[in-house]
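Multiple structures follow.
Here subunit A shows up in two complexes: once beside subunit B, once beside subunit C.
The block that comes next holds the complex of A and B.
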């Protein structure tokens, strides 16, 4: 486990030495503040609107960070050939996959905390309430969502050569699931065989990432998700994450490195 | 199994890059054994297969057939690499880290305790004369400095066997002399060193035994003094003769 923690530590170090996160955070802050200054009347609708925009920006920024960092990790190790002195140590490729995953995930988690604290401050300044548990649930579920996404992107980074094309493909895949994933069963019903079975199959195989998106509940103050449901969704996300990490390792295991 | 490093009938083919292109046979049944405490010089012209051999020992490249062992453990097992130090052919380090951060990272992989790590880092940076630059990112280092970071990282786990791929390439004469001194010192500490080089004069002074690889085959192997005795000339002439560039002196 030493190796895994050491690796994740380096991933986090690299991230905070780059500018990406700061730029995304400042942009989110700026856009939200501009929106906030437009709402002079402290209208209930406008607060909602503000929260909605802020959460959307958080989702976009976090997704961009996850895609950007995870798609770069293993290709950069191979391109800069840092993988050679690394694997010359008693480190297995499973350690590498796990360490890279953990580093990206923890880094995204830290960024998310900063984003959600900001969201809390913005909405508290308007509503004078602190729905901490709601924010915590939204944060937690989004963090699990990012775990699945990072694992997918890591797998992609072994299969597709260029980080940019991998990030684009993964982005389309994730957005596709977020947008149409939940409707696939209804779409299937409108088809005739064999399309119906195929679409049903896809519906049951894909990770339903929309489960992790509780933005509506936060925006409309609809209360909490049941904790039992939270645990189930967490386990669901963990299972997919493990599956994709395992797939990453399988693809990476026998890969010649030069 | 008597050697620390054993290579048996090792054959490595690189797959062809395109249709119609033949597979590249980089090693053709290599046999080699390095004994404890000796300095072994691995020689051969460019493209002979030296780096390929080391890549197999480190598990980067899979053997097509044959096998290799470090300390009696098959190189396919990561644990075979617990007691070795490796210096790659070119400098490949995380450029955004400083020298001490890099060494700390590798020390952690080996599970070396904190206090011990700091002590070793101080000693190693002193050894390779990088104390003044220890808090600077590696991307600001000159090539020679990067090469010396490489040597320091290869020694972080206090290894019993060192695998060095052209440790003196790209260094100035003083740098080369320093590396030679370090190798000598490590040898006196009882470490086994397996290294490749194109500097035959240097090899002649520090090596106990040498092997000359040519087109994936080991052409000559033996003690430096024995070879000089046998061929009646220096190592450079022997080398040229073996790869067919010079007439035998006594023919």
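The block that comes next holds the complex of A and C.
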């Protein structure tokens, strides 16, 4: 397990050496503050639009970081040929996959904490309340979402030729699920057989990433998600993450490194 | 051939660019609407901004329902006008119809059932005092993108003046709308309401409603099919005010107009009969004096 933590440590250090997080965070802060400075009918208590914009930027930034970081991990090791000395040590390929995943996930988690603290500050400056549990749930579910995404991207980095194509394909896949995943059952019901069964099959197979998106509830003060549902959805996310990590290992195990 | 110093070439190129810009800039102003845009949105998006305006107007409606909204897959059967729902009080029947139109149905499977815990899946409105302010940014943005969309001004003004206690802001916004839509009877009617209910300025409100009625008639004559319900609202208000002022003849005239567009002409006819009786007794009492 030490090897896994050592590998993840390297990935976390890489994230804060690179400028991605800083640029995305500063952009989020700037856009949110510009929107906050807009005078809307001389009412300084309007806050929901601000929370929505800030959360959207957080989602975009986190997704960009997760895709960018995870997609280049294994290809970079292969390209720089650092994978050979790495595997020459008592480190298995499963350790590499797990270490890379853990590093990306923890790095994204650290970045998310900073983003959510900023969201809390912006919101509190107008609402004068601290719905900490709501923010914690939103943060936690988004972090689980990122775990699934990172696992998918790691698998993609073994299958696809270049990090750019992998990131693009994974982005389309993730956005597709976020936008239409919830409605695939309704689309299926409007089709005739065999399309109905095929679409319904896809609906049940895909990871329903939209479960992890509780922005609506945070923006509109709809209260907390039940803690039981939170645990279940965490298990759901963990199951898919493990599935994709295992698939990554299976593909990586037989992959020629040179 | 010896080339001049690179800095001189750069300076020459900059001078050419500047000279060309001074020549081309007035030319491009004639090229199209976008070049003459008075706002950044218009310059960036051109006429395409109207699509986004509609999106943001719907967004205001989504906020009005605290995030609950049927998706495009659910709302094929929806007929209700969003703007009217956002501003009008409802009786039980209207509310039942609205509930039906906004219904997203029963969960179809366990994923659907489980997933509903993670988004706004129950119907509610922004009813608490002051909450309605949350729809305003989207209406403002919608108006920026499409100043010809009249609903945006009337809906925003309704909330500003009646629920948020901001009649001055409502008036400013309505006047902004009126500048963009000088022939809008809806904005004139809403402005009349503002003067009547908030400023208690009867004369101005009557003038505005009379102007609104004239604009409605103009549009009707021009074959633009103005909304019957607006005609009904304007004439009802005018009749009420004239009645309050004791101008029964004028009130009778407006009630007759109201009857033409009313969904309940029998009730209006009753009011007309009452008015006629009052007018007759008034005439008798005056002749006795």
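The working rule: the second predicted complex is superposed on the first by the 251 of 258 C-alpha atoms of A that agree within 3 Å, B and C clash if a C-alpha of one lies under 4 Å from a C-alpha of the other, contacts with A are read in each partner's own complex, and residues count from 1 in each chain.
By our rule, a residue touches a chain if its C-beta (ideal position, glycine included) is under 8 Å from a C-beta of that chain, and two chains touch if they have at least 3 such contacts.
All of these numbers come straight from a predicted model, not from anything done at the bench.
Asker: Is A:12 touching the first partner subunit B, the second partner subunit C, both, or neither of them?
Answerer: Neither subunit B nor subunit C is touched by A:12.
Asker: First (subunit B), second (subunit C), both or neither: which does A:89 touch?
Answerer: Touch status of A:89: first partner only.
Asker: Once chain A of both complexes is superposed, is A:80 in touch with subunit B (first), subunit C (second), both, or neither?
Answerer: Touch partner of A:80: subunit B, not subunit C.
Asker: With the two complexes superposed on chain A, say which partner A:2 touches: subunit B (first), subunit C (second), both, or neither.
Answerer: After superposing on A, A:2 lies in contact with subunit B but is clear of subunit C.
Asker: Counting only touches as set out at the top, which of subunit B and subunit C does A:210 meet: first, second, both, neither?
Answerer: In the superposed model, A:210 contacts subunit C only, not subunit B.
Asker: Go through the superposed model and pick first if A:171 touches only subunit B, second if only subunit C, both, or neither.
Answerer: neither
Asker: Would you check which partner chain A:222 touches, where first means subunit B only, second means subunit C only, and both and neither mean what they say?
Answerer: After superposition on chain A, A:222 lies in contact with subunit C alone.
Asker: Is subunit A touched at more residues by subunit B or by subunit C?
Answerer: C
Asker: In the superposed arrangement, does A:186 touch subunit B (first), subunit C (second), both or neither?
Answerer: A:186: touches subunit C, not subunit B.
Asker: Where on subunit B is subunit A touching in the complex?
Answerer: By the definition above, subunit B touches subunit A via 55, 58-62, 78-79, 81-82, 84, 86, 88, 90, 92-97, 101, 105-106, 108-111, 150, 153, 157, 163.
Asker: For the complex, which residues does subunit A have touching subunit B?
Answerer: Where subunit A meets subunit B, its residues are 2-3, 5-6, 9-10, 13-14, 17, 80-92, 254, 256-258.
Asker: Given the complex with subunit A, which residues does subunit C contribute to the contact?
Answerer: These residues of subunit C touch subunit A: 63, 66-67, 71, 73-74, 108-109, 111-112, 114-115, 117-120, 130, 133-134, 136-138, 140, 156, 160, 164, 166, 169, 173.
Asker: So in the complex, which bits of subunit A are touching subunit C?
Answerer: 38, 40-43, 45-49, 141, 182-183, 185-187, 189, 203-204, 208, 210-214, 216-217, 219-222, 225-226, 229, 232-233
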